[in-house]
Amino acid sequence: MIAEWFGRAGNFSLTLLIVTVYGLLVGAFIERTIAKVQGRIGIPYRQPFINILKTLVKRTAVSHGIMFYLGPVFRIAGGIGTLAFIPVIYGSETFANFSYAGDLFLVIYFMFFGQLGMALGAGESGHPYSAIGIARGLSQMTAYEVPFALAVISIVIQYDTLSITEIVAAQQGGWQHWTLFTNWVATLAAMLAFLGMTGYSPFDIFLAPQEIPIGPPTEFHSAYLSLLQTNRALFGATKLVLFMNLFFGGATGWIELMIKTLAIYMVAVVVGVAFPRFRVDQSIRFFFKIPTLIGIISIIYVQMMFTS
Amino acid sequence: MKKTPSTLSTLENAGLSAEDQLLFSNARPRPYEPYPIKAIEDFANWARANSLWILAFGTGCCSIELRPLMTARFDASRFGVAGRPTPRQSSVFIIGGYVSVKTLKRIVRSYEQMQGPKFIIALGSCPANGGMYFDSYNTINQFDLYLPVDLYVTGCMPRPEALLGAILELQDDIKAGKCDGANRYIEHFDEYKANQKKVIKDWNMPDYNW
Amino acid sequence: MVEGFITQVLLQPLGIYVVALGAGFLVPLFDRAHRSSAILLFFLALAGMVAIAGINLLAILNGAAPIQIETAGIAPPFAINLRFGLYEGGFVLAVNSIALLGALHWLPSLRQHASALLLYLIMVMGINGMVMTRDLFNLFIFIEITSIATYALIGMERTGSVLAAGFKYIIATSVASAFFLLGTIFLYYLTGTLNIDGMVAQRELISGPIGFIATLFLLTSLLIELKPYPANGWGLDVYETAPGGIAALISVGVSAGVFFALLKTLPLLDNYLSSIAVVGGATFLLSNLIGLKQDNARRLLGYSSIGQMGLLTLALAATVQLGIEAQLPLVAGGLFINHLLAKAGLFWLADLVNRNSTRDWSVLAGRPGRLLLFGILLSALVGLPPFPGFWAKWVLVTELAAGGLYPWITVVLLGSLLEAAYLFRWFTQALQTRESDTPDTIRLESLLPVALAALLLFATGYGMAVQLESDTLIMFLPLLAGTALWLLDGLPGLLKSLLMLVVVAAGGAWLTLDLEGLNRIFGFILVGGGVLLSLATQYRSDVRKGFYPLLGILLLSLATLLRAHTSLEFFFSWELMTLSSYLLVTLGRGGAKPALTYLLFSLAAAYFILAGFALAYAASGSLELAALGDTGSSMGLVFSLLAAGFVIKTGGLGVHIWVPGTYGEADDDFTAVLSAVVSKAAIFGLLLVAAQLGIRSDIGLDPAYVLGWIGMLTATFGALMAVFQEDIKKLLAYSSMGQLGYIVTGIALMSHLGWVAALYLTVNHFLFKGILFLAVAGVVLRTSERLMYKMGGLIKNMPFTFVATMIAIIAMSGVPPLTGFGGKWLLFNAMMEKGWYWLAALAFFSSAVAFLYMYRLLHTVFLGQRKLEHAQLREAPAILLVPQFLLIGIIMVFSAYPKLLLEPLSSAISPWLAGNLVWDGLSLHTHLGYWNAPMIMGVVAGVWMIPLLFLLLMSLTLKIQKVGQFNIVFAAERPHRPEDTHFAYNFFAHYDRALGFLVKPRATAFWNSIVEWSHTLAASLRIFYNGNGQTYALFIVMYLVVLFLVNGGLQL
Amino acid sequence: MSFFGDLQISMIVLCSGLGLVLIGLWGILTQRNLIRMIIGFSLLDTGIHMVMVSIGYVTGGTAPIINDDVPMATAVSRVVDPVPSALVLTAIVIGLGVTAVMLSFAVRIFRARRTLMIDECTESKW
């Protein structure tokens, strides 16, 4: 029993390592890509690692209180935990993580864990901009959650299961079985929600570096910041893996995973470099219009196509 | 400057009202030691040198030269340089040109809020000797009386190439472990503070802005 | 000889007249000698009348035959005869007793006027005669005797307004008497007899045009005497102006006599039953509606009196129409005795308080004893338990339903609601202290008659309960406990609190521990939870007069609610719960006004439930709760009515407007009980109804589906409204509303999984909302603030409260690994299983919105910038924290091992909805997904601990300086004041800009317009009461004409 | 049979009684002076008494006294019904009482407010 637990934990640590490193590399890759578009060379691939390292080796720090201290811990625990409940590689016992503890529903709700903890930490910093950033972030979250929920419901109807493993299993056997092709409406709704979820432009007002110096984490620094930076890469990659599993047929190997997630990420990047920023109320209204409509259509669509 | 070990463990915060005293920390800053193992310290310095986050605070007209640094022509991000909107997360403070007394107050506050190790590059002639504003009533002439400067870049105003060169030089200095401005500031805290207070008349901040 | 005289004459019913007349003659003589001796004689006579009535009634109750009294030893029809049967005895005893009490009350004035003694005796004797006589002409004489005595009593007051009102009264009643006389003589012409029994025996002779005219005159006269709308302005004027003692006796005594006259002549008037019912119903409804507009206390009582007589008339006509005369004593008797005691008591009280405007009754504020009396009388009048009116209305409504007279049910319930509205508005006004009030000068002993009336109400209420129910002891247990605690109300607060807890714990355990299934589970929540949360009441050591007895009643009535086997038992406990919780809310700082809204919505809910139970009884013929399902074709309607009632009580969308005020203004510790415990009673009711009715296949899915939508919309809008609240308690109130919405949806699913979800959510809501409200109680105690933006940074002062709040909020939010996730997971699975996809999507949205207010609560109160004046605050008292941490313990256990909770829930549901939860080890499986709570708990603990350890390790290499609250980056400036640095006020302004249009107060506007419209309607309906005696007389004549036309007068 | 023979005496009394009732009602409803209203009431009362008497009257009947002239056996068809007469007596007494009370009210109202107009006594309303 104990050995089994250690085994699982070990396997998961491997997954965690790969996904984190991959997430950091993807971040660098995107930065470099954008730089190339702008005619620059861009950061070296090692830059995200150095950044984390640099913040770790800072020698001073201040603390605003216990929740401030625990905020980053909650945040990264949210990221790691979310990954822990997602099977990363289809058909691999090693990289199934702890996905047998809970289903898709668990993953969706666990994504809030880190955000809530971080919000509390940022709140205790006492900086008004943190609170403003959180208020904006939470508000926007309620909006993009709607098309996402509709898309999730749509695919749950389609595959008649909440188990991510089974959803991936149902998409095996060729690209034509991916949700992207069998239920493109739901995928479209989910990808629109994804734009909000990544926090890239045009939905990045809750970070707004110039207006509310990067919002929630504005007071975090040193080792706290290193945890947050790690989580940003890890959590971003985790969301990509989740979307890949739900809509793009999952992955049977790491290479497939990397190609697919990079492709999904590029959607957000392309939209992000092309569009200016929405105000919060504008982005909320945006999500309640077209994306929600598409989400609603996806449920009607799936009921017509798959349940008769 | 000679070292004056402070006798008090806390600061007076004389500039604050009794009410405000409760709201600000009155702890006296302490210098930090390098890592005990040389290899680790070198590695840490390498990381610090290759990830220079600049506080986005343009204090004077030379700050105009900071912008081109990130553009395609100079692309400082190659060297790990990035802008950061909050002093908490920044490690390099580039004093962009002349420093008025009013700005000095904000510079001091922001600098103290940065977490060490932290570095200052003084850009242009003005921070060094007052430059063309040497006889202005509200411009300070010698910046390093108030905050420790790690590197000066002269010129009025220096080209971005000069600034980029300064950054590379700073990286070399950091890697060599020569940039201990932050500790110097703390070790000579009382003198620095006295100098600051000499010019800043409306001192309504705590003595050290944690 | 003397002994013979006493037993043969005096103790016979006729002795009443002997005593009254004899004393009447002697009183002036005695008065010559000494005023006091006359008064003594007067009281002796009244007491004698009570005694004679009582002795004879007792004999009849013991099985003696009704006493027939023949005058002059000649049998009817050649002489007048009287009868003293069960009905007569009851009425006479009641009237005489109230007359005795009234005389006690009126004693100070009686001392002034010796002739009043005589008139009073004559009046009472007249009423006795009206009740007992069997001769129509003799009835006329007694009516006139009573009237003349009344006129004279009114005329003794020499102010212009009383005299004017008296004159109008004389004109009206004289015209009515003239009609009576005409009717009598025509009846005599047709039947050749004046004896009512004789006429009834020859009923067939009373036909044709003359018969029609004769009965029409008789009917009109009696109805007019009962003051029907709109021909009753003269009655109102007298009620308004006459001294309270007289008004009371007119309202209850004279009206009772006339009512009895109608009762005994009804066999002659059987053609007009529908007219009588319509007149009664319309009078009840309309006079209660018009009462809304009234702010003169006595005139208000007048409207209420008229309404009550209308209800009695309606009840009489309906009972006869349905052929259920056997129920008459319960229905008419109950309503009558209720009206008699309550109304007389109120008139007396009005006399003592001596304030015309109901607003000025605020002199009673802060006088618990007086308010208690006032409240008892009002509650009785409205028909709340345990008073006779409650039982009578129950029987009336169930019988109306059984007879299919549904419109009348609507009239009765709507009228009752309107009456409750203005009566309890009055009570609300009495509760509010005003600066300008001078203390009232009521002497304690002068309250004796009022107190006796209140006591008699309890006694008669219990008497009726015994008639209707077998399990009365258990039903009355909460009241007994409450009374016992009330007697100890002088003790120090902490001791009382302790006593209450002991009583409730012992009583509750005795009542609920042998329950099974669902009831057992709710027993733990309602009683166990109630006691646990009530522990916190110890945090206040002040006296809190009335608080502990009421809380005891409330919690024990929740226990008896669970024990109920019949719908009557259920409804009794339900109403008791409503009443006690209402009174508890009024004890809060600003509680009086919101409590009124709460009461009215609760009563509306109760009336829906009553109507539902009545229909169920009509359909199944049984009062057993278990028989609710045997209601055949009316099942859908029964379900809808009952569900509507319970949904109102959960604060469903549209009828939620009572929630914020009630939860906001009630005492802080009581709010916890109200939200965490009392609201679950509605959930229990809903489950009960769903179990008996909702799951039946023949009911169709539609009502349940509608219920599901109502629940989910409530959840969504509750969350949205909570987002924009600045008041911490109102925020939690809206949150409660929303959370109960999920539970309602869970119940509406009508599936095993759905119900498990609903029950799980119920338990969870109890756990976290109890913590939250208690935590808030601590915060409010320390800061004396309820507006969140005026707080901030309290985590430094109140870390334990913060931890409790945070854990409760995580448990509420649905974030794993705490209990909230299980509820959301179960609900989502159940909804998907059922195919309720749109509701599932809405649930996602509303649970996301919930994050906004949850974060706002934590941030603006505990995080951010602390105000200077809060720097020295202490942690909340330990006694507040203990229940919170006990609840946290339970949350933790259930989070890690939900099987402990889910297994009993599932097995409690299985009797109704087959199915069971599929377990694989500790992992719960549904059709769609799986949930392994212990493992999730383990993983989360692991992934949380590892970064924490890492950070701790890194901290060793760092110099971490703890800093002050202003040591923040503030764009190179320094913050100036915590107030302008704390981002808290209008926290979600941007959200308001985007979605604020959804939460414009439409429901409030709707209900306000309902109030406004009903006031406008009332204003336009009372234009008939222009104060002119001639107009009133015209209405009387018109009444005759209308009755003539409506009953087909033109066809003759 | 003469014309008057057809029109029975009781019918005349009945009709005039009912007429008086109507006149009395008219008086009560239209006359604003309290005294006139009381007179109206008296007329109404009297009218009712006449109606009562007329109902008991048997045309050509004798006084309801049982003696040798009117034996028991035939009394019912020959005598006037005595009951209405008795009732009328009582009713008159009561009517008198009511009228007296009304008049005393009128007096007191006049004393209290120096008017006898009923439409000036409308302060209690709505």
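A, B, C and D label the chains in the order they appear, each numbered from 1.
The working rule: a residue touches a chain if its C-beta (ideal position, glycine included) is under 8 Å from a C-beta of that chain, and two chains touch if they have at least 3 such contacts.
This structure is a prediction, so every number in the text was calculated from the model and none was measured.
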| Listed by label, which chains are in contact with chain C and with chain D? | none
| field | Chain pair, most C-beta pairs within the contact cut-off | value | A-C
| Where the centre means the average of the CA atoms, what chain is farthest from chain B? | D
| remark: Per the C-alpha means, the centres of chain A and chain D lie apart by a whole-Å value of 99
| Between chain B and chain C, centroid-to-centroid distance (C-alpha), Å | 73
| field | Gap in Å, rounded to a whole number, between the CA centres of chain B and chain A | value | 37
| Separation of chain A from chain C, taking each centre as the mean of its C-alpha atoms, in whole Å | 54
| In chain D, residues with contacts to at least two other chains | none
| note | Where chain B touches two or more other chains at once, the residues are 32, 35, 86, 88, 210
| Shared interface positions of chain C, touching two or more other chains | 957, 959, 961-963, 965-967, 969
| task | Could you list each pair of chains that touch one another? | result | A-B, A-C, B-C, C-D
| chain A partner contacts - residues on chain B that touch it in the complex | 32, 35, 44, 47-48, 50-51, 53, 71-72, 75, 77-78, 80, 85-86, 88-89, 91, 115-117, 210
| message | Quick check on the complex: what are the chain C residues that touch chain D? | response | 137, 140-141, 144, 147-148, 151-152, 155, 158-161, 163-168, 170-171, 174-175, 177-178, 181-182, 185-186, 188-189, 194, 233, 236-237, 240-241, 293-294, 299, 1022, 1025-1030, 1033-1034, 1037
| said: List the residues on chain C that touch chain B in their complex, please. | reply: 868, 871, 957, 959, 961-967, 969, 972-975, 978
| query | Along chain A, where are the residues that touch chain B in the complex? | reply | 31, 35, 38-44, 47, 50-51, 53-55, 57-62, 209-210, 213-214, 218-222, 225
| said: For a test of understanding, state which residues of chain C touch chain A in their complex under the given definition. | reply: 793, 795-796, 799, 806, 810, 813-816, 821, 824-825, 828-829, 832, 837-838, 840-841, 844-845, 848-849, 851-852, 855-856, 858-859, 863-865, 923, 927-932, 935-936, 939-940, 942-944, 946-948, 950-951, 954-955, 957-963, 965-971, 981-984, 987-988, 990-991, 993-995
